[in-house]
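Labels A, B and C are assigned to the chains in the order they are written; within every chain, residues are numbered from 1.
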Amino acid sequence: MLPPVQQQSTPAHAVSPKYMSTPTGYVMVLRQGDNVLYELEQLAVNEKIPSASFSGFGFVHPTFGFWNAEKKDYDPKSMRDTEMASMTGSIAWKDDKPALHVHGVVTDKNFNAFGGHILALEVGTGSVEITITVHKKRLEREVDQTTGAAVLRL
Amino acid sequence: MLPPVQQQSTPAHAVSPKYMSTPTGYVMVLRQGDNVLYELEQLAVNEKIPSASFSGFGFVHPTFGFWNAEKKDYDPKSMRDTEMASMTGSIAWKDDKPALHVHGVVTDKNFNAFGGHILALEVGTGSVEITITVHKKRLEREVDQTTGAAVLRL
Amino acid sequence: MLPPVQQQSTPAHAVSPKYMSTPTGYVMVLRQGDNVLYELEQLAVNEKIPSASFSGFGFVHPTFGFWNAEKKDYDPKSMRDTEMASMTGSIAWKDDKPALHVHGVVTDKNFNAFGGHILALEVGTGSVEITITVHKKRLEREVDQTTGAAVLRL
């Protein structure tokens, strides 16, 4: 245990950046309370990422959504204090704004697994590590007229 | 909603390619009705991929198989209309044909998770995005005499 | 079936290396009985990996742990004979030793999914394939004073 004074004067999260560049893109580390989707959007804007794929894991409060074709909206489910066992997604653009598409699997204290399309994601008591692989071509999402889904256009 | 005439004359999926190259390999985007394993095999053949790792996600109709050592065959399970929350796999070769090995986790409308070894995979009402990282060495799969499993030989 | 004499004289696993280098890092293939976390630590030491992200899949005997904040220790759960449907993790350093952080999702013979933070992982009757993406900067893990979690410091 470090003495309290040292905790106060140099909290680790105050001096550690949220991401760093790598040979293939970026590594992002987020901490308790961070909004994962917002931080990824900020990365896309700040670093002018044309398009990217990413994977991640950590400890989270997730909100999933399953598409309800009748309602034409997502049926949501929020959970608290889960391990993000796997997160997979991509960064593209729509109307000049970053457009994320993210899926994930979380597990609870009984090790049971849940998941799906991620609508919102907050870091819990721990961290989230994300590895981003950047591509050169700017990609846009567009609505597929057949299914109504926003699809990545190559 | 776009007028029907425009949908007919320029359907988005008719002019968008199924994959593009990236600094580390390829990104593939598949649409409703596409056979995911077939498209990955076609990519391997067309682009002469020596070996590769990939990850993906999307909306799918999967068939999983769990190896039954007594029967020496897979016990299969097919599902419909699931989110592919995570897909992980590799491309190698066997007898001069592409040999895939793919695992995945899917989730249903209640956000419960299922998964395992993927025997077949069709894109559902949406898309599947796959990021492929290509390696330089041609890799072969061979049967491990101890376990009977087809193992990637480095 | 090959004759027994050939199995004895040239077992495939005796001549195949555990990993190979790739343009973005390494591919590791482990076999029945291998200790996955130990082999990743050995890779980190032997190849002087500054930091890395990895993903993998295979057939495993896993031990998961869910953090119990009251006990300040993990509540563990061990399973046998499961498909590793998704494994995601990172390699960093702590006190000059490799420090792994690994999460995973496994599935049983009924295709039900379980998972979380991985405490131990042995390869079952099959193999485990892992793709490692290496970064240039040496990263350390340090204890976050707020949550008590070991967090990757960028």
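Operating definition for what follows: a contact is a pair of C-beta atoms (placed from the backbone, for glycine too) under 8 Å apart; a residue touches a chain by one contact, two chains touch by 3 or more.
Just so we're on the same page, UniProt names per chain: A, B, C = DNA-binding protein.
Because the structure is predicted, anything quoted here is derived from the model rather than measured.
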Relative orientation of copies chain A and chain B, as a Cα rotation angle in degrees, nearest 5 = 120
Shared interface numbering between chain C and chain A [over half = same, under half = different] = different
With chain centres defined as C-alpha means, what is the inter-centre distance between chain A and chain C in Å?
-> 22
Could you tell me which residues belong to chain A and also touch two or more other chains?
-> 24, 55, 86, 105, 113, 133
Going by the contact rule at the top, pick out the chain A residues touching chain C in the complex.
-> 2, 7, 11-13, 16-20, 22-24, 27, 29, 31-32, 55-59, 83-87, 105, 107-109, 111-113, 125-127, 129, 131, 133
List of chain C residues in touch with chain A within their complex = 24, 51, 53, 55, 64, 66-67, 69, 75, 77, 86, 88-90, 101, 103-105, 113-117, 133-137, 142, 144-147, 149, 151-154
